[in-house]
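Labels for the chains are A, B, C and D, by order of writing; each one numbers its residues from 1.
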């Protein structure tokens, strides 16, 4: 076991962002090419459509120690796959009510619609989400402690 | 039906005609105007400075009173209407002003712009209905009448939401309802300049003449307004080009109610 | 207050973003008091943006603006020149002794017919 | 055992300035499964690709991860590189360490740490990648052009000239569009009809072009190479095959008070009419709202007089279905409504007109036969004032926030033509800025000023009102710091343009994205300006953004080139990242088929061995890989977890999640 430094570090949350390939991932690219910053603790996973995101993935992220999970897709009505984001919207509202039933702060998960043209919005959304999750603090309830401490 | 009513300073003195005829007509049309208690002067001009709080409190008090008494606040004077409606919008949508005004007032529950501010003309149109007025008219006014809107009723249109700011029709519809022939003229929504009368006497003179000349050119025989200040200015500075009256005076005439 | 702070304060007081102005001049095309404005409505916006404080504070236009909102209504960019005029006027009035109209000036010009509304509004507009 | 290669790109200083690329490459050497790790200035360059190819061969790599720019940029490049070295192209993953890392972070340590995690995540994914092979789908060698204006006409002609069949679907009774309404065109002042109508005739006579006028697209199914389109042919109450365009019916029709939309409602036309003299097809149409026979059942005069028996009051809308390989959208524009601009007095004064109305008033085939007369009293106007930017560059909510682009030039054109034809007129132009970039454009505008004496006033109009029969135009003159009032006889508003409203429906049918101003979005603002993000859909003309005729024609020809490039192929490679059911787990519940927007999932009865010589017939899902678009909606909906998506499998995504979360 490595010795952990005792110095108290400021809490920086670990955020997983699922972005659909056609709108939000491109929006994140635009945020990049426009040099619009957001915190480095946001890491993006590319999926073809927001409807590819199984609620299991989100639970898995929390279990593995993520502090917040955000899912981004095309604006309703603009889905590249016509209706994919409508499924997302419905599934996620179910997942969110399940999470709040379990006592997990609902602010830890979020669905946002970001188009390929909305680089500024992508950056603003990420900044805001990181801020929200930072205020909530570390995710303890859903983390599988064996995973965290086993390492 | 009863509606909370805010008369305002001038309607108690120089513009009694406006107040008295309005009340009589409303009664004849089945609306009771209930003057709110202990109203204070609205200040006659909406303070635009973003830090102006104290100057808006009298309007908020009146609005809060109306909130608990039917939820509607009836106004008659254009200036009062402008001040109260814009203040109400601040209380509804401007978080900073809402917080600070409520901080001063210490009401039982904070006021958040819940009251609906209704001008007498809107009341005639939406509550009574111009058709009902048409039926109640005993003496149709067979005259050509020019509506003078001025600036206060219409602008800023985003907040006032009174009528199309460039092509309003509500007073024209009103004139039709009382049997008159409305005359539309281009200067009906131009400011008469009365605000600066004490500082710059010439400007209001020019502007009033322009308004009345424009109305006369298009064939108006008289001009009506809802604003005591416009009335004063058009009468005093308008060289008597056309007679100017309150719209409620004509309503009273058409309905056959006597002061 | 430094000059820069004063400028910032006027911007804040006006609640309008002068950088949105595209210098079309529609406000001045409509202003009914244009001839009596020594600084024109569009100039208020650009001069505030450039920080020309002294000229703004010394102008006569702040007393002649009718606050009729025609410029605000017409602006294609959502700028409110009238709010800038008022913010400058407020700033002048709030400096000690700079009231636009003094109480003793009133009685001689008041006639029988003058409505309260005019006196009240004049006090509110020009005095502190 | 996977043998993974990692390649970290500097992108010059784009990545290397904020990410310690050498360190990232070093750290990756110690990752389990990684057998090779390198960094290079430009991985996408010839040399960079060579490095990758060499490593694949030398180290016998089974998968590679490139840490570089966005996969939307170079994923295809590196897949080709891998393929060239004998590696399946789908064994490539990109870690986006530029757009998602170096460009948005400033702190080197922070950015390097994030880059390491991103590359690790890609490694975690690529380890679970499986070789995929793209399928093939056939290409229908026929194109659809939606909209028959100059954009649609040009695109159709170019595609047809290359030997492919083209259908033009036009919602109006004739093709020609807005350009047919124009009088002259800038910057050379040729007559619009003289250059447009020959092209319209070419379309009509071209053996490869089928004009479906008075028709609208109702439904679109399918995908690039194989669109199935349902088209509504609206009842025109005239048999298109019989009508000869003799116009006798127009003379005899007793209902002559219909507003003539072609002339911007400045005059009237009969209920049965041909929109204009050079209409294509030159066939009459009946306005059912106006026709006495259709409204009351009495009349029938046109039928009586029609020599060829073309009139058919019983005609109904019909539908046809056709297959296309590619679709060009060219739906055009309309001037905005002026309801929110009453300060210019358009609603109250007949002599306040829009620029398009002026085009008709100046046109020899227009309501005044080309003589400029005031609509109010038919007199010749002496003082004409133009107002520019009416509703353009307006972010107040009343108008459009964009520049309509064409108004500066056509206003200069109008001003010039008026001064030339009527030297006794005085012409004023209020402008905010004069924007005339383009070949010979600024010279054109300056000619209006210098040669024709047009008075350009830097300022904007605040109010137009009628006084003693004159139009008083009150505005600012910012150069002289004045407020001026010009007594005018005619006021012309350079009205903003907006996309033709029907584009919204078309966009929805095609799943083509649309921006906040209802313009269709192009795939890339600079490098793919005529492609829609939806494969096989191309954009021409103002439906994509404001533009003038030369630009529209260029874009239409560019679209045609793209369409030809597509139609010339016999087969298209399909995306291999499609859904795949695990038949052993599928219970045939139909949930996946219900959510599939493409109808790619069907059910088959299949025989399964149960062991012991027994078999069982079960109903299981079957995905058509040519139709599946790979969205993944079915994978999540499947209650038994039988459905998965190739290239984005649940296991892959889970492993990415793990890699990101691992501290």
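In this text, a contact is a pair of C-beta atoms (placed from the backbone, for glycine too) under 8 Å apart; a residue touches a chain by one contact, two chains touch by 3 or more.
Computed from a prediction, not measured in an experiment: that's the story for all the values here.
Student: More contacting C-beta pairs: B-D or C-D?
Tutor: Between C-D and B-D, the larger count of C-beta pairs in contact belongs to C-D.
Student: What is the distance in Å between the mean C-alpha positions of subunit A and subunit B?
Tutor: Averaging C-alpha atoms per chain gives centres 53 Å apart.
Student: Where the CA atoms of subunit B average out and where those of subunit D average out, how many Å apart are those spots?
Tutor: Taking the average C-alpha coordinate of subunit B and of subunit D, the gap between them is 49 Å.
Student: Can you give the whole-Å distance between the Cα centres of subunit A and subunit D?
Tutor: Result: the chain centres lie 32 Å from each other.
Student: Which subunit D residues touch at least two other chains?
Tutor: 343, 463
Student: For subunit C, what residues touch not just one other chain but two or more?
Tutor: Expected reply: 70.
Student: For this structure, give each pair of chains that are touching.
Tutor: Taking the chains two at a time, the touching pairs are A-D, B-C, B-D, C-D.
Student: Hey, which residues of subunit B end up touching subunit C in the complex?
Tutor: Interface residues on subunit B, with respect to subunit C: 8-10, 13-15, 41, 43-45, 47-51, 55, 77, 79, 151, 154-157, 165, 190-191, 193-200, 203, 207, 228-229, 232, 235-236.
Student: Mind listing the subunit D positions that touch subunit B in their complex?
Tutor: My answer: residues 341-343, 345, 347-348, 463, 465-468, 472.
Student: Quick check on the complex: what are the subunit B residues that touch subunit D?
Tutor: Those in contact with subunit D are residues 164-167, 184, 186-187, 214, 217.
Student: Spell out the residues on subunit A that touch subunit D in their complex, using ranges where they run on.
Tutor: Listed in rising order, the residues of subunit A that touch subunit D are 14, 16, 21-23, 25-26, 28-29, 31-33, 35-38, 40-41, 43-49, 51-57, 60-61, 64-66, 74, 77-84, 87, 91, 115-117, 123, 148, 151.
Student: Touching subunit C in the complex: which residues of subunit D?
Tutor: 343, 389, 393-399, 432, 458-463, 474-476, 478, 481, 483
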